Structure formats: C-alpha cells, structure tokens
Amino acid sequence: MGIVLGANQYGKAENRVVRIYRDPGGGGRHEIRDLNVSTSLRGDFADAHVTGDQGGVLPTDTQKNTAFAYAKEHGVTSPEDYALALGRRLLTACPAAAEAVIGVEEYAWDRLTDHAFLRRGTETRTVEVVAGETTAKVRSGFTDLTVLKSTGSEFKGFLVDEYTTLAETDDRILATSLTATWTHGLDGIDHRPGIDWEASYAAVRALLLETFATTYSRALQESLHAMGRVVLQTYDAIAEISFVAPNKHHFLVDLSPFGLENPGEVFIAADRPYGLIEATVTRDEE
Amino acid sequence: MGIVLGANQYGKAENRVVRIYRDPGGGGRHEIRDLNVSTSLRGDFADAHVTGDQGGVLPTDTQKNTAFAYAKEHGVTSPEDYALALGRRLLTACPAAAEAVIGVEEYAWDRLTDHAFLRRGTETRTVEVVAGETTAKVRSGFTDLTVLKSTGSEFKGFLVDEYTTLAETDDRILATSLTATWTHGLDGIDHRPGIDWEASYAAVRALLLETFATTYSRALQESLHAMGRVVLQTYDAIAEISFVAPNKHHFLVDLSPFGLENPGEVFIAADRPYGLIEATVTRDEE
Amino acid sequence: MGIVLGANQYGKAENRVVRIYRDPGGGGRHEIRDLNVSTSLRGDFADAHVTGDQGGVLPTDTQKNTAFAYAKEHGVTSPEDYALALGRRLLTACPAAAEAVIGVEEYAWDRLTDHAFLRRGTETRTVEVVAGETTAKVRSGFTDLTVLKSTGSEFKGFLVDEYTTLAETDDRILATSLTATWTHGLDGIDHRPGIDWEASYAAVRALLLETFATTYSRALQESLHAMGRVVLQTYDAIAEISFVAPNKHHFLVDLSPFGLENPGEVFIAADRPYGLIEATVTRDEE
Amino acid sequence: MGIVLGANQYGKAENRVVRIYRDPGGGGRHEIRDLNVSTSLRGDFADAHVTGDQGGVLPTDTQKNTAFAYAKEHGVTSPEDYALALGRRLLTACPAAAEAVIGVEEYAWDRLTDHAFLRRGTETRTVEVVAGETTAKVRSGFTDLTVLKSTGSEFKGFLVDEYTTLAETDDRILATSLTATWTHGLDGIDHRPGIDWEASYAAVRALLLETFATTYSRALQESLHAMGRVVLQTYDAIAEISFVAPNKHHFLVDLSPFGLENPGEVFIAADRPYGLIEATVTRDEE
C-alpha cells in the first residue's frame, strides 16, 4: 500500500480588484465594481508536489495578473460573467488544469454624485457621554463610514527628501473609512433639553457626505478640514468635530506588460500600510 | 518619592442591549434599537486598588444590570438621551464616582414589515464558478445578510432528554446572519448566454427577504425550507439553493429583580454559543 | 420534478467549555483544558423543515448542556476522547440522527504556578516613542498577554444598590488579557544610551507574571496595583506603568439540573459583556 | 469666534517590516525581527489642511520608505532603539514637525533551526469527530501554525504565458500559516482504545515542523508533500493528512533608490493577495 498525492488545488486568494467605468453611458458619470477575487486550479499537478518540477504550474502570481487584466479586457458587467470569463482563460492558459474555481465577493456602493460613492452599510453610529456632577459632554458620531471619490483628487507639491519615491498625481482615487465625532459642548446636563438627537445626527452625516463628494481635494487633510468647517458654520450648537481617516490607498495597476492601457480603470485596493490622517476643527476662544 | 495610584477607571464593556418597542404608534408596528453599551466610572477608588476594600465599588455586574433596566425604565429615544440618563443614574448610585463615561454604538436596521427588519449593509454578494473543459457551474449568493423578526416565531414540541433545560416558547425573536447560495445548473459554459445576472441576484434576494419576513416560523429550519422552496418554485433556472444560518440568540432579560416587567421588550444579543442550521433545498431527479 | 429537502444538519457552535481539574495528581496542583466545542446532527430531520414538527429534534440548547455536562461526567483527557464520547451520547439521545459531528478547538496554556496559567502566544510586544526636538519618551509594553488564576481570587464587600444581583464569591477564576505599558521617563533622547531594552522587557514581563500568579486577589484592581507597584519598586528607571485589563469572565456552569455537582470544575468562558479595568501606577512628585 | 484647525497629525500606519540578519554571529545562523511599524508627525501643518498647500508635508509614502530603509541602515537591535532612530530621522526630514510618534508591534518567533522559525503561539489544536452508529472518524490537527524559512526555498521553471511577470528566484522567504488535519481511519468507535491522543498530536506536530525546517523547497507544494509523506511513513495508524497553506508572501524591498543594497535583509510582509495551496497525502487502495 503506497503513499500517494490525493486531492489538491492551488491559486491566488483575495485579489482586491476595483474596476472604474469612467463613462459607460456618456456624460461622464462613473460606475464602480469592487471585487475580492480568488482563483484556484485543479488537475494534474503531481510533479509540482512530488518531484518539485514546476513546468506545468501557472504561478499564482500570473493568476493574479490575469484577474486584474481581465477586469480591463473582459470587464465586469456582473461578477458571474467576469468569473466565467476568468475561469475559461485560466483553463486555456494552464493545460494541466482540469478545473478552475473562481470565487468573487462583491462589495456594494451607493452613489453620492457622478464621481463619489458610499460603501453600503459599513458605518456604526456612536455616542460618548462623559457625565459629571453638574455637567455632561455629549460626543456624537460614527465609525467606519466608507466613502470614495473616483476623480477630483490630487496630491502634489509635497516635501521631497532622499527617501522620496512617490510621484505627484493630478487625479487619483481618494477613499477613506471615516470616523467622526462632534460635541455639543460642556454645558450642564439639563441645559440641552431641546436637542433632537436623531435629526441632528442625520443632518451632520448628510452634510459631511455632501461636502466630501463635492469638494475638490488637494489632500485628505484639506477634505477633512472643509468638512469640519462647514459643520461648524452650519450648526452653532456644535463646538468641535474630530476625524480619524485612514487613507485607503487604491493603486493603479500597471497593465502595460500585457499591452493594455489603464487610464484610471483598474486599481488594486491595498490593505496595509495605509495613510492615517487625524484632525480636529474647533472654535477659537476669542 | 513614593509610589501612588494614578488615573484609573473601571466598568462593563459591550453590553449588547436590544430594545423592541412593540406598539409605539398604535397599530402593532414594532420599532427596534440595537445598541452596544459600555460604561465606566472614574473617581475615588483608591481603596479597591490599594487595600482591596471594595466597599465603594459599584460592581461592573450592577452597571450591566442598570444598562438593561434603563433600556426599559428610561427607554431609548436616541442613544444620546439614553446615555445621558444612564450616566446620571450611575453617578447617583456610586458616590465615590466623579464621572461616568457611557459609550454607545448603534447598529442600523431597515424595515421589511411591521415586525421584520434587515440590518443595514452587512451582506456581501458572492459568486463561485467551477469551470471545466466543457461545463461550468455558477453558484450565486450572499453572505451575512442579517435579518430579524420580532414576533411570529415559536419553538416548541421538541425532543426532551435528561439534559434538557430549554423552555418552550410561543413568541421569540428570530434572527440570523444568512449565507445563501444558489446554482444555475451544470450546463455547458456557453449554454447560458441569456441570463441577466444582475436582475437574477436582485430578484432572488428580494424573494428570500419577503418570505423570511412574512412566513410564520416554527423553527429556523422551517423558515429556511420555505424560503428555498419558493425560490425554486418561482425560478425554473435555479437548480438548488443552500443556506448556512447561525441562530443569533436574543435572550429576554429578567428584569423582575428590579420590579420591572419585560413583555418582549429588552433582550441581550448573545455571541457564543449560537445555533447553526444548514440546509439545502433541491429538485428531485425523477 | 418535485422540490425536496437536500443535505441538512443543525447544532450548537462554539461552546466555550473550560474544564479545571483541581487535584488530578494529589498535592493540589490544577490542570486546565480550554475548549471551543461545536456539535451538529445529521439524519432524518425532514419534518422539522417541511411541516415544522420538532418532535424528533434534540434542541441545540440541549446539545450545549450536554457538552458542558460531559466535561464533568466524562472528562477531558484529550479533545479526541471527549469528542468521541460526546458524539456517542448525542447519537443515543437523538434517534433521528444518523451522524453526530463534533468539532473541538483547544487553546494551549503554559503553567506559571500550581494555580496560574499563561495562554500560549497571545501577546504582542509594543513600543511607542514620542520624539521631540530635545526629548523622547519611550513607552514599552505588550498587548493581549492572557493569564488565568484558577483559585486565589475573591470578590466581595462591594457596594449594593437596587440593581445588584451579583453574589459575593470567595473563590473564582480570575482571567484577563492584559495590556501593559511602562515608560522610561521624559529625559533627553541621548540621555539613555545605557538601557538594554531586550533585557528590560524580559525582566518586567517576568515580574508582572510572577506577581499576578502569586498574589492573592480581592479584585482585579488590587492585582494590577500590586503588579505595578513591584515594577516601580524594583526598577528605578521606570517612571510609570499603565494597565488595560478586560476581566474575562468565567461563569460556573449550573450542572444541578443534571444531578451533577460542580465544585469549580466546569466553566463557560464568556465573550461579552466583560469588565474593563484601567489603572496607572506612578511616582508622586514630591 | 472663528473656526480654526485644532489638534492634528498624519502618518503611515502598519508598515510590516521584516528584518533578517543573515550572519550576525558568524556561522550562517539567521536572526529575524518581525515588526508592524506606524509613524505619525505632529506640528505646524495648517497649510495642508486650510489652503491645500502640501509644501511642508513629508508624504506618508516617504515615511514608509524611511521605515524600511532604516531597518537596513540603522538596524533593529530592539524595537525601542529602532523607533528612537526612526523618530529622530523623521523630525530631521520634516522641519514643520514638532513631534514624531513611532509605534511598533513586534511578533515573536521561536527558532527551529539556523534558518527556520516558528511564530510563537499562533496555532490552535483541532479535532473533528464524525460519529455514526457503528463507526467513528477522528480527524486531529491544528490551524494557523505559522512557520518561516529564511533560506532554502526557490521557485523557478514554472509555466509562462502572456500574463507572466514573476521572475524566477533561487532564494526566497517561504512562510505559511499552516492548517493540517490527519485521520486515524474509519474503524469502529470502539476499535481504537489504545491511542494516546496527547502523545500522537505532539509527535505528528514535531515531525511536521522538523520536515518543514530541514527540507529544501522547490515550491510550497513540494514541502507539503514531503511533510505529509513522512507522517504516513512513520505512523501506520494515520490514513491520510491534508493541508491548507496560504503562501504568506514576503517581498524583498527595493532599497536601491536610497543607495542601499538589500541582499535578502529587508522584506515587506504582504497581506493580500496570497497564494493558497491545498493538498492531501493519502494511501492508495491497492
């Protein structure tokens, strides 16, 4: 009774493919498909395991490249259609494979404007009350409200030193998972009977979204400051607003090795590291 | 130079308070507030640390009880209002405390019917394609679609043995974080050019939600079976549908030690353990 | 072609069973087995799905009870042996079941003393440096170092109000996932060339573990204070130490409905809510 | 009363810096430091927020580059020493900054051989029992046992197509977070009274670690096969062993823009995507 290789498969898991359609219907309105793509191949890969000969193995790195290239070449009209095309391609490219398994998760985004989007349902509403003997401070807010602009964001003119490799950009994706908190001041507990907290929350949230979506951004810092300023300008009862904003980098994928152009259409959504911007907008004391 | 106690605080974190209003506006329509409540006290608690004397300490267990009792006694018109009341109460109950810090997270639910709700934005759309030389199997679906019924669910008549302690119930909360996948069969890759995957996904999802919300449930198993059956009855192209459904237990909190009734109004949302139901509804071969 | 129930199973997932053997070898040395137990039954459960009749269903709640009772009745000499016994029991108790699937995860603990344990490998070493023009503050520490005492911990004599239901206890499990940070002062960046950071970290960590393990605890607060004090007493260079310590509750399971005694042997490890204790021990200025 | 910018800071979070010392003491023994590094700058950055002028801003991308370059230039004798050096550098590079905040998490690795390491404490022991009327199948194993070889791994000779960009490599880091399960056959429940499950688990785990550490690897597939084969050769009672092994990519960082060589010393540990290898080694039926 011998020892043999049993069931096996290999592939690349969790390719974070983001596909922007920049003008699908004319008029310049963007569409976004946000996918997490995993591929696996099954078939006759015994040599790779037993003798170490990789001659029949299509590397997982190539599977990754194909997943990104196909987001451009074939496109993403639905995750099903994209996965079917990707599966056929991998089977063709790898003769030893008998089956290709393509898994796709899709994350839903709701439209804010022609070029700004809100990821559905990621936010949690938050409150922190610090109650003392005669006073109370109420800090309302939310965590993890994820927003993205597919144009209208630049980053340039920054300080350069010998460790700088970043190129300036006139047009990038700007995305963040925003945590914001705002405070209604340090008045006495009983001094704010009139606040409609439900209406206040909805109004501040809407104003933050609108300002993010419609303001040109020279840095995430500038966007946050603009968002905070308009809240304080609009609502006198709010004393201060603070933001924690990870800059969720979306890197343009280099498709030129495959003879493909990529004018802002296929991105990889990176996990770590990420920029992290924290800022408070407040009222001065004078 | 001596060694002294510096800043300190203590409390109970992450009380999962679920408050159902069973008839706030008349007509029997329910409302839900779903909170994660954390409390902390700061003040003169040196004895607890230095000598071990707990005489001034309001236990974290009591803080937890108060958080649940106040969801009934004070109610939750907004997380801010609830947190302010809870903070005042804890300061009163614990003379050694100078400050109470109340943190609340609120999870948003969208209404399906008068007594059924969909937690906003938890779901992820999924696809798995298994592509072979001449065939392809497409499994569409979603993960983590969280739904809850605040009435219309019983569980009784079950098998009893010497380890049984569960009481029968005529009216409980039924909640699950649903994963569902359905397949369009084993036909050839090129044999399904006509499927509109976007429309199909939206239609199946809507039918599952509607059936969950409007079907009386004698067990989560029965709900799942009804949901699967109606999908297969409605869509001939779908061969099979499978569910993985954790039964997210919501336990009625016993408020009687505090002189309060709790007719289905205050629940604790439990994490672990949870029931886990898996079922497939399919077509027979004959 | 009809619509039929396909493969299905149901059970209780993630029962957090902690079994303490209080004197397995004589001499009073404790042993701990820390398990996450999931059970499922497969068989003829069509009625539960199709007609809603639960007469053949052994509830998941009963499966949970059995998992805890068997930790006492059968014991846990290995997770395999325990799982085999639990599987046989569930098959016997539920005639409709053809198969029982028992999953167990076991978490490893290393021994500190006869009655204190360190969960293997949960901790992460941390450093925070705040560097200014002429000074630097170094805060060394760790997160998530999980320790447990199986005796030598009480909690009593606390403040009682109308929301109190907690009973006093003379002997409980005390467990925490400790985050600690300590600082070497606010001296200039170049004023501490002589610190051996590797040795310092190892020494402070060892002293904290030893003190936790060997000090009788009247509250987690008292344990933390004792741990901080001894570090400051021993290491002059350390200015201050701070702790964040979730009180990871282990509740004694009531086995009396099954005719079993439970003298500190079977616990459920709870997730939420949890106590949260934060304290700093520092040097006074005089 | 005007609206002004309050407290603010920005930086790059969670740079996964892995530093290999290839011959610190002579004799070719490697050392590993595995860090998660976050940097932030505070100071006079009002222009970036208010006018969008980034002239004083050292980009977070440059902070990232510096964190990796300093792992080489300054080295990592301790996380404290490295963080102090990095903080000083960032203050020098960015005149607008008054403070640099450097956070480091360090993950502990235990030595297996001169060039192989085991990440401390990540694994969980697992058991799955499937109990039937007359038989039982026991599947023992573990999840998330994380191992790394700092040399002795190549990947070359693979299939090339038009989407290939991967270069062949003779010497790379091979790391995986291994899940393994092995089964003691399909015998009757009562037919295996003699197995010492505790000893069996320890022995198989040790053999897997030793084989991973000491076998030259032409692919992760080959390593897994060798590990499985030796277990089946050594333990007749084990019928089959299966692996799920994410290939945790460690990419060599290009330090040449900073005039630095990087002969296998500074890596970035990537999160997603990752290779995913699954394989079973079994006994043939004949």
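In order of appearance the chains are A, B, C and D, and numbering begins at 1 in each one.
Operating definition for what follows: a residue touches a chain if its C-beta (ideal position, glycine included) is under 8 Å from a C-beta of that chain, and two chains touch if they have at least 3 such contacts.
This is a predicted model, so every value here is computed, not measured.
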(message) Please identify the chain with the largest separation between its CA centroid and the CA centroid of chain A.
(response) C
(message) Can you work out the whole-Å distance between the CA centroids of chain A and chain D?
(response) 24
(message) Using mean CA coordinates as chain centres, what's the gap between chain A and chain C in Å?
(response) 35
(message) Can you compute the centre-to-centre distance for chain C and chain D, using the mean CA position of each chain? Integer Å is fine.
(response) 26
(message) Where in chain B do residues touch two or more of the other chains?
(response) none
(request) Classify the chain contact graph as line, ring, star, complete or other. (result) ring
(message) Can you work out from the touch definition every pair of chains that touches here?
(response) A-B, A-D, B-C, C-D
(request) Name, in rising order, each residue of chain A that touches chain D in their complex. (result) 1-16, 38, 40, 45, 48-62, 64-66, 69, 93-94, 155-166, 217-219, 221-222, 224-225, 229, 232-233, 240, 242, 246-247, 257-258, 271-286
(message) Going by the contact rule set out above, which residues of chain B touch chain A in the complex?
(response) 77-81, 83-84, 86-88, 90-91, 98-108, 119-133, 136, 138, 140, 143, 189, 195, 197-198, 201
